[in-house]
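Have a look at these structures, which come just after this line.
In the two complexes that follow, subunit A is the common piece, with subunit B as its partner first and subunit C second.
For the complex of A and B:
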């Protein structure tokens, strides 16, 4: 148990350092944007007749930190703002805090990506076992090749291909958005059906793009376990095939769970291309829009959220592995 | 498998074999390569595809004028003998766009791959060979690099630095991409440095540079070469993706710009007539990926005798 606590403490410390680095990077990125948008805004407000103090406060509200004062002072202001979960105000949607905008966008990313991940995980793991057991057969070979190909193809290529097929050539699915506007958002069948219809292509793309990784990982994991001595021993003792299979499955799926936990880190930022292509208003689309609109506070917030999720998932994955695998729990874990 | 090819691969990988037999070993090695390629025609195809793309990038743009001719009478023309992939929204031949754009794409990929592999191998070798404090520090940095998601970071970076030229783009992608190679090279180094031949070299009192340059590096060369090919595909995806998203200014024509204009500018999604324009760069990316995957598969078998089928 102490091992677990020590690991947790180490991970948390490292995660905090990472978040510090990421926020520092995004601070300096925002600070060093060509043309210095904050100074420009400040001067514009002063020209419009605002007093220097009021103008400064207005800009501070917009960007999350004061434009004047030393660089260090600005940095400290920005960081203390972050500590209070105050990421500044969005430029494009005036009067709304960045965190509110982010959380309203996050649901459009989390749900499709989660659905896509789980779908591809289930299919990939099942087919991966088959591909490993029948690896010299034709179907097993074909499955492995399909995995390699899909694993190699970037998300946007898949998304564009699916979009071309299902919205242009055979127009059976909607091309973009979250739901048909003719339905009232709420818990009615029409709206929910429309939601599912509009989410089909994004989820399908995500699932196809990650399926290759799962089938390859599961296949190699099963092949490794198949070569282990204890499987041979179990077979020699004349154990039933079903029991041997349970041995294999339990040992082979272990590393897969770690990868699954890791991949949950991409729940926020894993679908940037998909959201852009299907015009799905999640965090990825928000990040791109904030960049095109020069909405730096929103950009910094989105980047922080996307990166933070990955850091948290990394910690969770490692802890999860410590809990689930007795070999690591023993305290002789890798350095 | 014949003993001949095994010694050949061993000779290529060992590198430190006796100087006299080296020419013969090299000849045998190429014979082994030829045999592996010939056994599966798909691998031959991969080599042909990769060579074809390289030629296209180097020589292709020479056949076209700087400003491609526009045929305003044939906007979104369907594929024909004159325009094998049709024309775009301005009447420019899509095949010409594809070929002139390939130089940028492949040059960037090459720069990225070189930087990735040189940095990654150097850092991995250093960390794995030195171990101790340097190892810990370098691997912490590597872990952090691997944790920060690449695409969002590239998007954020693009607001400060418009890295549109092929060299700048390659530099950015390379500097962001060495983490995985460093990790892998480090773990290889850690396992190799305990092997007999390294211990023998150390026992002989050979210098560290000799051990790293002449003993360790050659054993890892195939592995590093494969990583280089894989990072070529990664670089192609990343740069095409960045241009496709439209966060960088379009200075030169390349596949990503084509995709962006086809989808968001040309309305390839609304009319089937514009589909060939969209499909051409996608097909090029898929074909290049296929070629590289097949070549990596062949290399795997050439350099890893355990994988060879009897």
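For the complex of A and C:
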């Protein structure tokens, strides 16, 4: 147990340093990008016939909350704000905190991508085992080939295909949005049903786009384990098929958990193409908008969220390993 | 080295011990050390060149209660022979002819499905080479022991654990600690003893040990061999030890069988075969062992290399390419079986020496199973290409110790 806690403490310390570095780098990189939202507004107002002085005042009123002072001063302000968990204010939606914008976008990304990833993981792993066991048969080949094909098709092609099929050819699903506006948002059956209906296509796209990778990874992992001595040993000891199968499955799935944890970390980056195509207001769309609008604070917040998620996912993967793989535990009298 | 007689005597004295260990395995405890008769066993492997025999026409008897050692170089087919005893030849190999009769079990070659699975572990214990990881790395030894018990419908799992602890204690280990350990927490010698425990805990009375001491250091080797010998005597087992190390056989085996190119070339009581080898291959093997005392240059390696699956001659003697006593008849005729007392040798030269003149009368009777091998399976005679790729190790069998076969 103490080993686990020491491990966790080490991870957290390293994670904090990492976050510090990433925020610093992204702070300066973001601000060195050409373009300035205030200058743009100012020029627009002047073009509309306002006098330069009036325009300057108007911009100052509009963006009065915007950080001012030298770059270094802004950096110090930003970092001290961070320690108070204050990410600053969005420039494009004046008066709204960055964290509010982030959270409202995150809920549209995390649930569908999580559902899609877990769905494809489950299906991919099960079919991968099958493809490995029947690897010399026709069905095993077919599964492996379908995996390679789907793995190779870009997400947006799949998204467009699914959209064409299920909204035009067989119009049974909505083409975009998050829910039917006729339902009152809340915990009522109609709204939730509508949410699920609208989420079906994005989730299906996520699942299809990643399931090929799972099949291939699981297949090769199972094939490796099948060649291990302890599987033959278990058979020669007369172990039941079910038990031998569990030995194979548990050993084969181990390396896939790392990939799963990492892909759960990256899901916070959102899936830009899928969100665009299905008009789903998730993190990916939000990130694009913040970049086009040069919304420094929002960009910084988004990068921070993505970095934090990946670091947390890594820590989770590592801790999870110590639970499921006795060889990683270590420190308890192992050589 | 225990002879058959005093082994049997020790068995009688220790039946109480064996009975106690057998509490949980009621069916098996009624069993005595079984005799095993291998008859005309031929195992072929599917290759791009057709089905090639790895083991051909093996006739071998394991008398009940004895330790038999099978020696041979890598690729001589000894591990395939060991797996055949459990009808567990792995694809692309298959047993194409012959039978393996085990007392109380019948012909193992005819067993399949659940019957075969239940025979494995319960009637026949198999101990892997020490270098191989025969344990699931994710589970403790104890949990795998319980999996084994559940697989064989053992109801008294506590009794099984008790037996396992007894066995491990018998082999000089702390049973409770070992059962609580994962594979990576055990040393090579400890793993090997765990392997022996798992092979015996269900009270199997036929035990096959495949290279039990390979990859272990000398002291651990000696320990494992002592354990094999003692456990064999205490529990009343029939034991088959597969090895490439003549020293191992000399240490434990009552009987010795020498394999070459998938054939049994000589077998008999260990002392007879080692002190007066008759087959030129056995003689060559013994000459190749460096002596502890005297000139190291006295050890002479056999010339040439052992044949591989593709280069084993389809007709005639498999050893002729490296044989000093080679005759014309070796090219065309199967070596005759020469029986002298308890020893059997398959060699034209030995037959000629015994009979004085005529070898033709006995030729071709060496192996019943040989005829079952389809001719089409054999490539043209390629045995005169000894440098062919992957041709295995040099002849000094002792020198190969520690290598993976």
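Methods note: the second predicted complex is superposed on the first by the 278 of 335 C-alpha atoms of A that agree within 3 Å, B and C clash if a C-alpha of one lies under 4 Å from a C-alpha of the other, contacts with A are read in each partner's own complex, and residues count from 1 in each chain.
The working rule: a contact is a pair of C-beta atoms (placed from the backbone, for glycine too) under 8 Å apart; a residue touches a chain by one contact, two chains touch by 3 or more.
As the structure is a prediction and not an experimental result, all values here were calculated from the model.
Model built by superposing both complexes on subunit A: subunit B and subunit C fit together without a clash. Once the two complexes are laid over each other on the shared chain, residue contacts for A:247 go to subunit C alone; subunit B is not touched.
By the touch criterion defined above, A:324 lies against subunit C but remains apart from subunit B after alignment on the C-alpha atoms of chain A.
Shared-chain residue A:18: touches subunit B; no touch with subunit C.
For subunit A, the partner touching the most residues, choosing from subunit B and subunit C, is B. In the superposition on chain A, A:235 makes contact with subunit C only, while subunit B stays out of contact range. In the superposed pair of complexes, A:307 makes contact with subunit B only, with no contact to subunit C.
Touch criterion not met for A:10: it reaches neither subunit B nor subunit C. Centres of mass aside, this uses C-alpha centres: at subunit A, the angle toward subunit B and subunit C in the superposed model is 70 degrees, to the nearest 10. In the superposition on chain A, contact of A:148 is made with subunit B only, not with subunit C. The superposed three-chain arrangement places the nearest Cα atoms of subunit B and subunit C 5 Å from each other. For subunit C in complex with subunit A, the touching residues are 86, 88, 90, 117-122, 126, 128, 132-140, 147-148, 150-152, 182, 184-185, 187, 195, 198-199. Of all residues in subunit A, only 14, 18, 21-22, 25-26, 29, 32-34, 148-149, 152-154, 156-157, 160-161, 163-164, 167-169, 175, 266, 269, 272-273, 276-277, 287-288, 291-292, 294, 296, 299, 302-303, 306-307, 310-311, 314 touch subunit B in the complex they form. Residues of subunit A that touch subunit C in their complex: 228-230, 232-241, 243, 247, 250-251, 254, 324-327, 333-335. Interface residues of subunit B, counted against subunit A in their complex, comprise 140, 144, 147-149, 151-153, 155-160, 233, 237, 240-241, 244-247, 259, 263, 268-272, 275, 278-279, 282, 285-286, 289-290, 293.
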